[in-house]
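Each of the two complexes below includes chain A, the first together with chain B, the second together with chain C.
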Partner chain A sequence: MSMFFDSATRGPIFGSFLMCICAAVSGVLVFLRKRTLVGETLSHATYPGIVLGGFVCAFFDGLVSPVVLLLCAFLFSLGGYYLLRLIEEKGKVDPDNALCFTLAFSLGLGVLLASQLQAESPLWARRVQSYLYGQAVTLTDTHIYLYGILTAAVVLFVVIRFREIEVAIFDRVFASSVGVKLKGVEAALMFLLSISIVVGIRCVGVILMSGMLIAPSIVARQVSRSLGKMIFFAALVGGVSAALGTGIAFYYSTSLESGAKISLPPGPVIILVASLWSVLAVFFAPSRGLVFRLYRSVTFHLRCQSENLIKSIWKKAGNGVTRLKDVLACHSQQKWLLRLLIWKLSRDGWIIVDGLGGVSLTRDGFAKAEHIVRMHRLWEVYLVNHLGVSAKKVHRSAEEIEHILSPELEKELLSFVGNSTHDPHESPIPGQGGVL
Partner chain B sequence: MKPFEVHNMTVAYEDETVLWDVSFSVEPGSLVGIIGPNGAGKSTLLKASLGITRPLSGGTTFFGKPFSKVRRQISYVPQRRDVDWNFPVTVFDVALMGRHARRGFFKWVKKADKAAALRTLEHMGLAHVSDRQISQLSGGQQQRLFLTRALLQDADLFILDEPFAGVDIASERAIIDTLKELKEQGKTIVVVHHDLHSANEYFDQVVLLNASLIATGTPTDVLTPENLQRAYGAQVTLFEQASRRAHAKKMGIEI
Partner chain C sequence: MNPYFGTDFFGCIGLMFKRLCLFFIGLGGPLCSDELQVLVLFLAGITASLLGTFLVLKKTTMLANSLSHTVLLGIVTVVLFFGVQSIDEIQLGGLLLAAVVAGVLTSVATEFLIRVMRIQRDASIGLVFSAFFALGILLVTLFLRNSHIGVEAIMGNIDAVTTGDLSLVFYCAVGVSLFIGVFYRPLKVLTFDELFAKGIGIPTGVFRYLIMILTSAAAIASFRAVGVFLFLSLVVTPPLTMRLFTHSLKKILFGSILSSLVFAVVSVALSRHMLSVYMIPLSTSGLFVTLSGAVYLGGILFRNSGLKWMVKRGILPAHE
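Let's turn to the complex of A and B:
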């Protein structure tokens, strides 16, 4: 707890906390606008600005240096955006190329200026250097106040103009038809993005900045179904990553016996924490995560298998009893899997397996099987009669469709072909009598 | 005062002319279809009218005034594929956008607006999905949601771009019934449409377009073989046959 109050550590902790929230909020908006690479480019565009700020600070001693540097970085970020737009629109250059060019040009200019600054003032050259990779450990109380004000401004702006931003990103044509100024919203987004970048570069550096813009959005995207929630979750992810990252960095920084010090830089640790989090979200998020999607896909596959088993028992035995061995012989799947499915089917009350190797359908199982076969054959009728597909080709499609029909689709299918009695292969369609 | 009047409109993208000197007008309280082959400039006509793209010359007046003066009286439904359906927004929020458009986006919506949104969603058969994210809707539901949003704008003129594209039969029915209801209330509706055969049944007035205006008037007067030949050129035979067949299939008529 003392970390939060200690004057040496509270700067980095609160500074990076505020910075992450700010980046997460504006990151969500550019993420949804599908222009995250603009963030990457603009953060590089700030570098020559920082170096120029270094010149100014070196020249006029005693300025409030963080404010000067931030202001220069901010102006260059906006300048970078206008350069980008100029190349894209007037030069008719592909957006990707324009982004690459602007990024490389800015960084090149920055490095060139930095070498000049080295000759002018080595002290400021070193300070400016730290903006490339970030140096969260040297954040001070001044930074906390400055970042606090800027972050509050960004969040407040998004809250006040929320509905306008939402509609402008979601449905541009509609927004423009109801009088939302798209260009104004776009300019505002870039303004917010630039503020977040200048708040962030001191902490995580010009090069890693875009990670902090994107990672929280990736996590939040997986778990939210409205823009408000997405922004909230992104801010949460950003804030927690910052706290965890700085915590880990300080905890593992140790002094060696020789007097040398190993210190983990908090900036990269924060980025790594946030990235790890987004990887986990991609895999484990409840509805969109890969793991659960795999789970649902496997469950569906198994359901198809069981329904196919019921169907073959129905075909072999009808109302009577048949040998389990014969049923299993019709299926090419692994024996153990089939046994497992049979066990589950009998446990769920669809079939009865007697001790003598015989198997029969329960009343419910019989109805279910008839229903499946009925849907299969009706679908075939539909394909042949209504879509003109050849009768030879319809079986495969029906094999699939019989398992996926929702009640609504079923109703629609019945409205087309509900009174057919035979399928295109002349097999009768069962279950004509209805549910009972 | 004509709710929708196009005056000598010419639109060009880059160097290509997409619309050439188009003029027509629409009577109040009518349901009008703008019809033509792909690339005939139907959507362009709407976008240029609403100031989304800039016409080279000419323009459109709404109730005798330019669009920016009568925005609140007009509701525009874009094409479904114009938006990203993975966007994190719920069905209810999209419906509410209609009310925001009317009130201004800075103002909080009132309880009455929310109640109206729910009622309209209910009317369009979407109440049970109002909490869902929009990516979970079917094509027909998406289109009905767009219409819900438009209804909530409480406009006098409705302009819809391809509302029946990729939509199931039940949704098409629901949408056309709603449009006819609006007509009964004296509203004017302009629809960009691609199916020639439902045109007869749906519209009071048809505007046949292929870069320039071919003809406008009642469907029976406009959709003559000569006019269709001029609008669709050599494609018309195949297109006609195919769409007649599709229509017959849908209605279960023996061919």
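Let's turn to the complex of A and C:
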């Protein structure tokens, strides 16, 4: 905990926190445009730029500040975007292939330039190399201010232009009809993306930058439904993972110094922490997570089964008593599952099981059974009379819909069905005044 | 002593031609570094561009990009399983194991995210490869006790290629050529019309996995020579370039092989030339990628204006 306040570790931890907030915010925007892989390509495109910046720095030798590196990286990232567009439009190439080519080409160019820089100035070559996997450990308070300002600018821009961005992302037709300049917004997004990438590479590294754009967005998408909330959650996840990851990398690098000299690169650690969040979110997020979806489908399935049980008791016994064995014989499910459902139904007060193997419905159970059958038969009438489905085919659909129809839908159905008293198979509909 | 020391561009090509001819008829001495580089680049180029043709035409090159990241996890498996101490020690068996692990893991994880978890396709691909690459880099760094491996994975280290690398790349090239030669027809159908392929009973899933596994095998074999990202360039650039000028699958395949040969020789000779004449040590694999990429970009620009020019002169009909 103390490393968050120590002056040597404060820089890296807060610096990476700020940098990754920036990446996460613009990551959400490209995520919703379904073009996250553009982020991957643009981050790789910065590499030759950084190497070129290394040349400039080496040439002027201390006369220019390392901000030149960032400037060159930014320009090359924008250049990468234009190259991408050029290939897609002029070469009529599929976006995936264009992305892949641009990515590989810029890295190749970077490697070529880097080999020359290595010969010219090994010092700057080493510094440039550290941008591949990030070098959060050497961040200082000055960096916090620099990156803090850039991050604030990006976030501020998104906040001020929130409406236009939101409309342009979610409804392009509407956006252009109310006068939002789609091309302008698109260009602004790419501009933001490039800035965020340049801000982030010092911390996460060129190679893994795209992970920082994607992972927080996935978490945010799993837990929220509006753009504002998504951006907030993504920023939170991005920032926290960066701070945690840097902390972990820092801790291990220092503690291993006595023995083997292995320093963990911070970029991969940060990405792993962020990916861990998104794996958790993918499994356990409320309403969209896998576990929740499975739970919902299992409970729905069980509810259908127990409603079917009530229904068959109603059919066998009506208001009276019938043998449990006969009821169970009508159902093909596993015996233990049926026993369990019977036990639960009697505990919840829908049915009464007596000691002699007989079973009967309670007053509530009877009402419920009638309601289900009513839904079933109303639906059948509706299908036959209004949709012209053959009476032979409606039973299966009604078997499913009887568990789903809500009171509002029942009202709607009644307005169609009117005063029919019998279903297409000549069975009376409960509650419609037909004779049982 | 390297016989290429001090030669210029054409001298290098000439000498190499002579020495390789002698070598293949059994009269030459052992291969020297420059010749190894040409052969490794050429064979890696063949392997990559043959597979790349199908990947490019199926528009799934971003999956190849994923693979080029995730092969590191495969390599980690080999390190754990065979107990190798450095990447040079990986043999054919290890290569296959690593390729299967990387290929299957990547496809399964990505498909799982898309199908079961309902995450959008681009984000699923991105999450899988960045997370696996991060994990791979960390594990390789820790297990091999080598903190330069991350940089080497990107740069490649072509000056250090050995005959071991050559044999790995050779096996891959032979394997992939055989695969494509034997299954040419189903692969062709599969590439252009997957639904039809399914309809006539081609096991499309099996072929998809085989292509993924072969691609990761090729990526691992060329890992030390050119690095994973430059491998990606070998995959996409030649087919894309050939695609500009022809519509025939066979022509794309053979054109890609030819361009691999040309660029392998030119980049090695040019890098030697720069070293001998200007004393500039340039990365050979970087040269390879930059040259072939530049030719492709030139092709895009040249093709459009060239077609216009030909239409204007009446060489081509106007609707082309």
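Methods note: the second predicted complex is superposed on the first by the 409 of 436 C-alpha atoms of A that agree within 3 Å, B and C clash if a C-alpha of one lies under 4 Å from a C-alpha of the other, contacts with A are read in each partner's own complex, and residues count from 1 in each chain.
Following the convention adopted for this analysis, a residue touches a chain if its C-beta (ideal position, glycine included) is under 8 Å from a C-beta of that chain, and two chains touch if they have at least 3 such contacts.
Keep in mind that this is a model prediction, so the values were computed, not measured.
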{"item": "First, second, both or neither for A:D96, with chain B first and chain C second", "value": "second"}
{"item": "Touched partner set for A:G54, first chain B, second chain C, both or neither", "value": "neither"}
{"item": "Chain B versus chain C as contact partner of A:R163, first or second or both or neither", "value": "first"}
{"item": "Comparing the two partners chain B and chain C, which touches a greater set of residues in chain A", "value": "C"}
{"item": "Which superposed partner A:G134 touches (first chain B, second chain C, both, neither)", "value": "neither"}
{"item": "Touching partner for A:G15 - first (chain B), second (chain C), both, neither", "value": "neither"}
{"item": "Chain B/chain C common contact set on chain A", "value": "221"}
{"item": "Complex contacts: residues of chain C adjacent to chain A", "value": "56, 59-62, 64-65, 113, 116-123, 125-127, 130-131, 133-135, 137-138, 141-142, 145, 147, 150-151, 154-156, 227, 229-230, 232-233, 235-237, 240, 244, 280-283, 285-290, 293, 296-297, 300-301, 304"}
{"item": "Complex contacts: residues of chain A adjacent to chain B", "value": "32, 160-161, 163-164, 166-167, 169-174, 176-180, 221, 224-227, 229-230, 386-388, 412, 416"}
{"item": "Sites on chain A touched by chain C in the complex", "value": "31, 34-37, 39-40, 44, 83, 86-87, 90-91, 93-94, 96-97, 99-101, 103-105, 107-116, 118-119, 129, 132-133, 207-208, 210-211, 213-215, 217-218, 221, 260-265, 267-269, 271-272, 275, 278-279, 282, 288, 290"}
{"item": "In the complex, chain B residues that touch chain A", "value": "47, 50-52, 68, 71, 74, 76-78, 82-84, 87-90, 93-94, 97, 100-101, 105-106, 132-133, 149, 153, 168, 170, 249, 252"}
